[in-house]
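What follows is a set of structures to go through.
First chain A sits with chain B, and in the next complex the same chain sits with chain C.
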Partner chain A sequence: MNNLRRYVTQLMGYPTAVLGLLMIIALIGVAMYTVITIPYERAIDLWRGHEESWAENPRNAKPKWVNYFRDGQLPETLVMRTQDPQASRIEQDLEGIRLVTATLSFDYHYDDFPSEVILFFTSKAEEQRPFVATTWILPDGRRIETDAQALASQQRVYLGLDNRVKRALGQVPAEIGLFSDQSGQLLKGTYQVEIQGYLFEESSDFDAKLVVYGKVHGWAGTDHMRRDLMVALMWGAPLALAFGLLAALGSTIATFIISAIGAWYGGWVDALIQRITEINLILPVMPVLIMVGTLYSRSIWTMLGVVILLSIFGGGIKTYRSVFLQIKTAPYMDAARAYGASNMRLIFRYMIPRMIPVLIPSFITSIPSFVFLEASLALLGLGDPTLPTWGKLLQDAFSNGAIFKGHYYWILEPAVLLMITGLSFAMVGFALDRIFNPRLRGL
Partner chain B sequence: MSQTGTANAGMGRLALRDFGGTGLRLLRYSLVRAISIGITVVIAVYLTIIIANMGGQVDQIRKAEIQEQIGLSFMNNPAVRDMTPEERLALQEEMLQIEIERLGLNRPFLLRSFSYLWQGLTLNLGRAEQMSSDTGSRQVRLILLERLPATLLLWGTAQILVFVVAILVALWLSNHYGGILDRLIIALTPLSAAPAWFYGLFLILIFSAILGALPYGGMVAAPPPTDPKAYALSVLRHLILPVAAQFVSGIFILIYNWRTFFLIYSSEDYVEMAKAKGLSGHLVSRRYVLRPTLPYIITNFMLMLISVWMGGIILETVFNWPGLGKLLYQAIHLFDTPVIVGSTVLYAYLLAITVFFLDIIYALVDPRVRVGAESRQP
Partner chain C sequence: MRNGVLLSVRDLHTWFEMRRWGFFHVGYVRAVDGVSFDLRRGECLAIVGESGCGKSTLIRTILALETPTKGEVVFENRLVSGIEPKHIKWYRSQVGYVQQDPFAALPPFMTIRQILDEPLRINGIPSKREREWRIKQALTEMKLTPVEDFLHKFPHMLSGGQQQRVVLARARILNPKLLIADEPVSMLDASVRVEVLQLLRRTQEELNLAAIYVTHDLSTVRHFSERIFVMYGAQVIEQATTNELLENPSHPYTRSLLDAIAEPDAENARQMRVVPAGDPPSLLRPPPGCRFFERCPNAMKGLCENEAPPDFVLSRFHRVKCWLYQDEKVLPVEETEEKEIS
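What follows is the complex of A and B.
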């Protein structure tokens, strides 16, 4: 306990270690918060991208904070519903046919055009489906009409694909044409969408939702499938930490036990372990992992197991073995045995304390390499297909040409988080190495 | 240590008088290492084959290949033209069974695995399922070997650069330790926790996407320049970013480790003695600090090289570098098992050659090996 306190005090003497510790604590905090607020199943479900969960998100939208760094404000997504109290709704009776005129209006004050405009209709009817026609009214009073059409129970009208809108706008895409004056300049002000629906049955009805997709969304932005990157950024933390910690823990403990066995028994056991270590050195880890990923399973937990198996006979064995040999022949061990110390006492009072200085730093510094290994596999397309990890985000960004299209946030966000994770553990690990190995302390 | 000391002192004389003996010992050492590394490669490749064939993948490759051959031979054979399709199919099936028996595919896996091992070791892994080499061949061996020069170019350039710069800077820092630069390098050491491809992302983002100064990836401009000088320049331009990425990822930890080695060794008595004799700082670092630490440095470098080989797969993917790693990436996406197994074997070879090569250098710089002191040690 006293030892521990001393080590902690020493650790506090290294500013980089303190910074690293703070970053680790922050990461763990984020990871715990994420696991509590977005349960595992919900995260997988969200990330598989059901249309309903993300339908109101724009595609490839930048994060909100980019607005702080630019002159013109990029638009956020606007959603207007006919059920909203501010929407107007007038009903007329035309000899058995009801004419419902619903008007949605919104103010548009952003400095850029939106990215998409979609009208979502839901309707109910027994036999004869409602018939609607929509008119887009710009702040300057111009009216652009869409084709009239019969509604299915769920229907989307992409204003950009409507024939009459196309004819009215010519070559200009709808999200620009519907928001500009005659000279092509962005028009700010109050827009109205007038929806005229003919209902042929007593029980029939319809509702509409207008979504004007923006160019920024949330604090993280969205990807090509409208998914909010925040889910993956947040869930990436517990997954990266779990993978890194478990792999580091598993391989450190296994390596430790094996080197202990080799050093204790010596002879052919030791020789065998040495030979296996040499073979393991030549076994190409990454291609073998790739083989396992392509031929058997891409589950992150299978990969974790294989990674641990492959790193058991790693470079650590030689270091641990030499320390074990030192302990085995140390006079104080003989002395302890001579006064009749129990095996338990030998192990816990004499051996473990000697091993900790070697084990702890190598454990901590190996965590980043496993975190990056997971990201590497994901980048090769061998990530767990269901889970949102930082590596998967990078891979998505890469395969969708984020770097060429200028969606830098898509690459930078997961990359910065990976960097923080890697750096924090490395910083603490290096400091611990210097504390535990006094020979390095002054250097 | 004392043995090393005396060996060191007597080196000059020994080398002249006893050159034949030293050369022979070196040769014997190399041979022993080559054989033991050879055995390790065989076992590593065998493990690869076992892993690949746990799902029966290698068997499937072989069977598909035989089937294709039989099909081809039927297509061009006038003798079977008059048969009905049923007869032809039956004959084909019969020939397939005969061939399977002839090649021993119905033998137990243990026996078969040894023939696979031989094919793996000779890279004679049959034909790729989807991919082909630039010359149009489907031979896995040709596809793999075609990509090898690109990988070696990138890897070799980066590693030589990292090694030379790290040694020079580490030596300089060990003489000027405690300074601003020294503290800066120590502070930057954690940067080495991230692999090269990771820095590659940032470098592409900065230098290609934002500044537009360097190419995004690839090995040569498209279309490739016809003039050899222009071609070389274009390759050089494409090399800058991937080499820089490996440099950033590898350099700090190496400098830190080696500077620490040098510092530990500079406090040895014989270094103090040399300084007291009034030898120049340069001479002291080279002869009394660098020489005894070289074996450690080489071991340290070897371990790094091995991890760099593995990281190279993703680095090549990120930079679209047409090497082995990129090939492996393409093979994953096409599910081309023969190519995946083949590149795993080739990577095992590359690792083994790296280890062997460094072993030889180790032998050259480690006096214990050179003068055969090791055999006299208990």
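What follows is the complex of A and C.
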């Protein structure tokens, strides 16, 4: 207990360690918050990318904060519904046919064009489907009309694909044409969308939702499938920590026990363990994992198991063994035997306290290496297909040409988080190493 | 029990098996190769010999830290060698062990109090008050006062001399009957050696402990022990009372040792230095004859290199393994011991 307090005080003496610790605490905080607010199943479900979950997100939108670094404000997404209180709705009766005129209006003050405009309709009808026609009214009073069409129960109208709109705008894409004056300049002001619906049945009805997709979204941006990167960035934290921690824990304990057995019994047991270790060290880890990934399973938990299995006879055995041998042959062990200490007491009271200084720093510094290993696997396309990890984000970014298209945020965000993770554990690990192994202090 | 005999070592051999790559038998390092003696209560025995001759292995075997290949160690008429550790727990409290390097002998992660508490706990002294009292008592005895200043310190905070006194306190804290010290001062500064030796001596006298004291330094032996064993190549090649050995060294090796000490101007005049050139014999493949043959100035061709000399008895306590004394009586170990005692 006293020792613990001593170590903690010493650790606080290293500013880098304090910084690293704060970073680790922040990561753990984010991980816990994530797991509580977005449960595992929900995260997997979200990331599978049903269009419905993400329908109101723009594609490949930059994170909001890029607006702080530029002159003009990039637009955020605007969503208007006919059910909203500010939407107007007028109903007329035309000899048994009801004509519903719903008007959606919105102010547009951004300095750039939106990325897409879509109208979503939902309708109810028994036999004869409602019929709608839409008019786009610009701030300067110009009116652009769309085709009239019968509505399915769920229907999307991409304004850019509408024939009449196309004719009215010529070559200009809808998200630009619908938002510019006649000279092609961005037009700021109040826009209106007038939807005229003809309902042929008493029980028939329709609702409309206009989505003017922006070019920025949230604090993380979105990917090519409209998914909010924030989900993956946040879920990446618990996954990375869990993978790194479990792999580090599993491999450290396994290596520790194996090397202890070798050092304790010596002789052929030790020799056998050493030879197996040497062979295992020559076996490259990556290709084995790639084989498992391609031939067996890409589940992150399978990979975790394989990583731990491969590291049982890992390089740590050599280090731990040399320390064990040093301790085993230490004169104070003989002294303890000479005053009657049992094997159990020797192990728990004399050997383990001496191993902890070696074990803890190498355990801490090995955590990020496993996090990186998982990211590398994901980057090679062997990441868990269902889980949003940082490595998976990087892989998505690369395979969708993020660099060529200038979507730097897509690469930078996961990369920075990976680096923070690595750095924080490394800073704490190195400081611990110095505290526990004072001989290194002069270096 | 024979009168007064505390420890009896019978024909002790401790060989270490050498294996290549941990599998293939290469041979044995014969670190102790046939040693016998009796030690009486309160008696002090010194063992001298150059480095690597098997002194440490001998006392480690006596301490039951090594299992003898052959022979036995008997303490108060009870066999203690080659027995499972849990059945000789009683023996552990009977023997105190002082090692060469005091810093290495103390667990670096324990405070002095914890270090001294360990033997007491392990040997079943349940009362915390009694343990505390004995710890303080032992520290006071070793002049580590005021005791409170030392209890919470870690070994690395003490000087070498202080560390060795903690080791001494630990060896003594169970009130043993035998104290075994393996070159207890050779790692210490010359300035503190005398003090530590005096403490060792005083402890031994006050408690009437038997002691086995391994040393490099023949000059301190005289003050310390009644008998001296000279070891060479894993065997005791000469044994005698201290005075007899210093005045009448008989084995050529012992003589060269004492000559080295007598040299007035030599740098390490008081340290042991072996005069005849050459290396000690291989313990992996010891020579068939006398182990000192290669370096012996008195070697007799034809005899010494072929046949190992037995113990020849020069006087009551004086025995030599050397063909030069082949006219003297040869007695098997058992018989001479009986005679000594009667």
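Note that in this section the second predicted complex is superposed on the first by the 440 of 443 C-alpha atoms of A that agree within 3 Å, B and C clash if a C-alpha of one lies under 4 Å from a C-alpha of the other, contacts with A are read in each partner's own complex, and residues count from 1 in each chain.
Here is the rule we go by: a contact is a pair of C-beta atoms (placed from the backbone, for glycine too) under 8 Å apart; a residue touches a chain by one contact, two chains touch by 3 or more.
Note that this is a predicted model, so its numbers are computed, not measured.
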Room on chain A for both chain B and chain C (clash or fit): fit
Partner chain(s) touched by A:Tyr350 [first = chain B, second = chain C, both, neither]: second
Residue contacts with chain A in the superposition, chain B compared against chain C: B
C-alpha centroid angle, chain C to chain B via chain A, nearest 10°: 50
Which of chain B and chain C A:Ala338 touches, first, second, both or neither: second
Partner chain(s) touched by A:Ala426 [first = chain B, second = chain C, both, neither]: first
Which of chain B and chain C A:Gly267 touches, first, second, both or neither: second
First (chain B), second (chain C), both or neither touched by A:Tyr296: first
First (chain B), second (chain C), both or neither touched by A:Gly381: first
Minimal inter-chain CA distance - chain C and chain B, angstrom: 8
Touching residues (chain side chain A, partner chain B) in the complex: 16, 20, 275, 278-279, 281-288, 290-296, 315, 365, 368-369, 372, 375-376, 379-382, 394, 398, 403-404, 406, 408, 411-412, 415, 418-419, 422-423, 425-427, 430, 439-440, 443
For the chain A and chain C complex, residues of the former touching the latter: 3, 266-268, 270-272, 274, 330-332, 334-343, 345, 349-350, 353-354
Touching residues (chain side chain C, partner chain A) in the complex: 19, 21-23, 60, 63, 65, 85-86, 89, 92-93, 95, 97, 99-101, 104-109, 118-119, 122-123, 167, 170, 174
In the complex, chain B residues that touch chain A: 36-37, 40-41, 43-44, 47-48, 51-52, 54-55, 57, 177, 187, 189-195, 197-198, 201-202, 204-205, 208-209, 216, 259-260, 263-264, 303, 306-307, 309-311, 313-314, 317-318, 328-329, 332-333, 335, 337, 340-341, 343-344, 347-348, 350-352, 355
